[in-house]
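Note that chain A is present in both complexes that follow, paired respectively with chain B and with chain C.
Entry: the complex of A and B
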């Protein structure tokens, strides 16, 4: 049994060390800096979205008022789509620096637009982000090792080990309480700044609790690893630093070797189509259509859009001087030709992510990182979800213009009140549950 | 005499390492990892080089194989360029996996590079990657620490240090011996890397540049062996030197590079491409739509041209006025686009420079900069790729516009939408597509890359100074 007195005595002992207090201060500082950096970056992203939204509206209104037929408006007006940072994104920037989180699209073939990326400075992405997820998944285990590796050995080397065991009412209690008074301040040093920033950023309670639980589980996991190595009979003759080397070896294996090996294996296992081929096929189809008989485009288009079968005829007087219907039809056909490849490209991204989620089970760091970015909606799933919402929006845009161009080509400004507007959607809860949690 | 004693101490240290399992395991692990990384990466780069060369070739062939067409259609048909990997990217892939390696070139637009490999990595390689440079710059120091943290303090703890010093071994002899031993151990990790460098030097990279590259890596390894040996000598207990060294490693190799990146993002936020696009559009709108000859922006152009050829209407011009307009507006557009693109690159470079200033705080950041700049996998070289792609874009688009001006009749051109037959007449011969130049990307000349890295050599030199100082303190303070 542990008693309050034991804990009090051990706390006094642990906090008596200058080194321990210094470590706590450093952890507190690192956690705060990482949170501030993520917070500032997400504020900037939010501000960027707001600026873009404003300009986007002005620009589109100008186009609509300037043009006099639907074909021209569809050609010249862009629509901003974006994935706003969630209220927890500051803690785990995740994939937001590699995947695009904003696109401006128009009614031309989508496959030519969706792979455009407006991502960050590649050199900074290469150096990596110093975010909270990094601090907890990569650095925190190292601190745990540093704090706990000589827990018993230190006493053994100071020849107090037997004395302590004999004088304590319960020899287990003394070590348990010492571990607790070491780890609880550590967890607090990491989590208190997080909670402060999360509240400041208006995060929901569920999310905050989730992140705290992940971090605490990570600390518990590493403590178990470290203590198990420290207590293993095999290593009982080893010096403290010798033990620490083994602990670092475990860190190295799980944090570095497992992910890179996993990466190599995944690349060998999952066949990814060349991204360039998607755009190439789409371009050939779209550009080739000009040289082909118009009927060829129509027959391909009508296969997927039979409702327009009787509306394909081109009348220069009614439809404006250029055959826009045909033009957008071959844009659609271009997308359809590339669609199989494009789908398998996305499927392979998801497949790789899925395999990575299994690999994460043997790497606590990877697991923590993945869970955190999943909680913050900055993981691959969320980014793919955004891509799909852009596809969805593009489809509704097509629907809007097809209805006008095919059915009622007389231009009216009022009809643009029904122009689809992009609204960002969060990953659905039902989907989130199927994630790796 | 000094050397002989040092050699004995070095040999003694090695005997100890080979006897204990930790050092031997670490050495093995390090060597295996480095070799694996080199092999995997070499295959990957080789494959990518072939694939991209092939794709480049195919793109050029397709362009030239297009049938007779309206020249402006070819402007929109566009072209692809691919960036071939540099020889040293076998060791330092740098920003390459983050940038995307293909750009689609077309009229009126500057597209960004597409399909960065990193998007396909499922987040597995965000902290670590199986690249020789990551192993050498981040993991090798940890291995050196694990092997060497106790090299002197162990002798002290065992009481043999007093013995050695009282037998007439000088402090500098002792430390030199320990240093030699650790340097030899770190050479186990360094050797495969140097061999790879040697190989690269024979595959088309400048020898002096490769030499500088490998010397920098060797210096970096030496820095760590000195720091580890000095700490081991300075601290009384092995556990203290171990803890301090791990903290140093954590800050230098893991923390500071990332901190630099985050500080740069927040200190000098860059305008995203989308946001810049709005500004570009605003400016472009004032230049007129190059597809529309009646745009008021081209009024002056028209008057000048009519005056030049002394005719009354564009129909009588000996050149195709639509082509003239296209040529003229493409040129002005390209100037605006380049202005903004240059701005953006400048901003990115400023951010990178802020992040690289952290080289004064961490030798790892310094050597990282040297490594990427020399290998031609830095931001600078990526920008060079973007500029060359843009130059090629403008060249072929304007070439096509020239064909439009000179080889396509204006009346046929204006009549092209009347019927399918009329459209078939408004074309030029496919032989004109041969104007597309071949694209073969090469990084900056080696002298340029070396001078780009000057500041980072200085940073490395600064660290050499610091460690020499540390070593002198260690020699002076070495007490049994």
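Entry: the complex of A and C
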């Protein structure tokens, strides 16, 4: 059994070492700086969203007020769609660094607008942004190794080990107490700044507790690894330095080699189309439509929109001098042609994410990073959800304009009160709604 | 097992891998006795000591202390013994006083500062050094600190590993006097050493160990110390 006196004594002992206090200070600084960096980045993203929203509205109002035709308004109006940073995104920037978190879209073919910024698709975030998730998943294990690698080996080398074991009331009185008073301050040095930033950012208690639990579990997992290596019978005669090199080897293997190899394996296993190909197919379809007979476009369009079969006739007097219906129909057809590749892109993105989730079971650091991104709604699922919400919004825009262009009511400014507005929805809220339905 | 024995080796054998480190040792140490296990390097002295402290397990036979088997009741045995390692390396960044307080707390033993001061005076550790960092202590001073710690634990059994190694003659005399006093007060003392002269001065019984086997035994008769020459001859004969 461990007593309070054991904890008190070992706390005094551990804090008596200048190196320990210095280590705690470094961890506290690293945690604080990473949080501040993430916080500043998210503040900037939020400010960008607010600035663009304001600009978006002003520009759209100007377009609506200066046009007298729905086709023209649809052509010139931009609509900001965005995935706002969640209240915990500052702690785990996650896939927000890889996937676009905002698109200013128009009524034109959508897939090209979504994928035009696609340059890379690394599902396995590795040694990425210096955020809190990076500090806790990649750097924190190194501090755990630094603090615990010589827990017993140091005493063995100093020839105090036998004396301590014979003198101790029981092994918990010394070793367990010493581990606890080492790890608790470490956890506090990492988590206290996080809790302060989370409260400042208005994060919900459940989210804060979840992140704390993930970090504590990561500390516990790495402590078990380090202590197990230190206690292994086959390593019992190894020097502290030798043990440290074994522990660093495990860190290197699980934190660097496994994710990098996993990334290579995933890319070899899962064939992913290039975002550029999607853009190309869609643009070729759209550009080619100008040279094709109009009937060909209508035939393709009406397959998916049979409700407009009797509304395709072009009347220059009624519909304006340009056939906007046909123009938006071939935009739609362009999207439909790119649809298969686009769905394949998303499916392979999710497949890669799924395989990465299995690989994460042999890499505590990767697992921690993924769990933190999931808790902060910055993972692949959240970004795919945003991408789909952009498609959903674009579909509602098409619905709004098709009704006005095909049925051709008189142009009215009041009708724009029904113009769909993009409302970001959190992945979890969306999932709850789906479950309820 | 001898009925009055505090320490007992009964057909004690220790094997590690395919090597036999201790081979069928049999001896008893009674209450208040100073028992010295004498042997050269690699004879098995430290293995014997570690087996009685529960730090190594008997492969067959038994090592018992106060009737408790050190291999199976390690915790009980360790609670009732004090151990003085060969090279006393307490914590160098702590003072002698702080080291004693720390180790007493580890042992779960409550002692007042007065008790600690009394023990330090008893082992003749200079008072002006009590609050100095142990890294500034000589080997003799560190030894005295560790002995003070052993005294404060009030353990009925003391295990000493090469206790006089590296001490100057005056310090050895002081140490031997202290050991004799402790034994006179009822403590059982088991020491392993290769210091023939020192063992003869203080021990009631000396047992020779060579290649893990007992090879000879010498006992003090009345108050006459064991004959150093006889022990030395037997010891040298075995090791040369």
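Methods note: the second predicted complex is superposed on the first by the 414 of 437 C-alpha atoms of A that agree within 3 Å, B and C clash if a C-alpha of one lies under 4 Å from a C-alpha of the other, contacts with A are read in each partner's own complex, and residues count from 1 in each chain.
Here is the rule we use: a contact is a pair of C-beta atoms (placed from the backbone, for glycine too) under 8 Å apart; a residue touches a chain by one contact, two chains touch by 3 or more.
Quick caveat, the model's predicted, so the values are computed rather than measured.
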Touched partner set for A:142, first chain B, second chain C, both or neither: first
Residue contacts with chain A in the superposition, chain B compared against chain C: B
Partner chain in contact with A:17 - chain B first, chain C second, else both or neither: second
Which superposed partner A:173 touches (first chain B, second chain C, both, neither): second
Partner chain in contact with A:362 - chain B first, chain C second, else both or neither: neither
Touched partner set for A:9, first chain B, second chain C, both or neither: second
Contacts of A:55 with chain B and chain C, given as first, second, both or neither: first
First (chain B), second (chain C), both or neither touched by A:228: neither
Contact set on chain A toward chain C in their complex: 3, 5-6, 9, 13, 16-17, 158-160, 162-170, 173-174
Sites on chain A touched by chain B in the complex: 19, 30, 33-34, 37, 40-41, 44, 48, 51-52, 55, 59, 80, 94-95, 98-99, 102-104, 112, 115-131, 134, 137-139, 142, 146, 150, 154, 157, 239-242, 244-246, 248-249, 252, 255-257, 259-264, 266-267, 272, 274-276, 279-280, 283-284, 287, 290-291, 294, 321-322, 348-349, 352-353, 355-356, 359, 365-366, 369-370, 373, 379-380
For the chain B and chain A complex, residues of the former touching the latter: 22, 25-26, 29, 33, 40, 51, 55, 59, 62, 67, 69, 73, 76-78, 80, 82, 94-95, 97-100, 102, 104, 111-116, 118-130, 139, 142, 146, 149-150, 238-239, 242-243, 246-247, 250, 254-255, 257-266, 269-270, 272-275, 277-278, 281, 348, 351-352, 355, 368, 372, 378-379, 382, 417, 420
Chain A contact footprint on chain C (complex, rising order): 50, 53-55, 75, 78-79, 81, 83, 85-87, 89-91, 93-94, 102-103, 105-108, 146, 149, 153
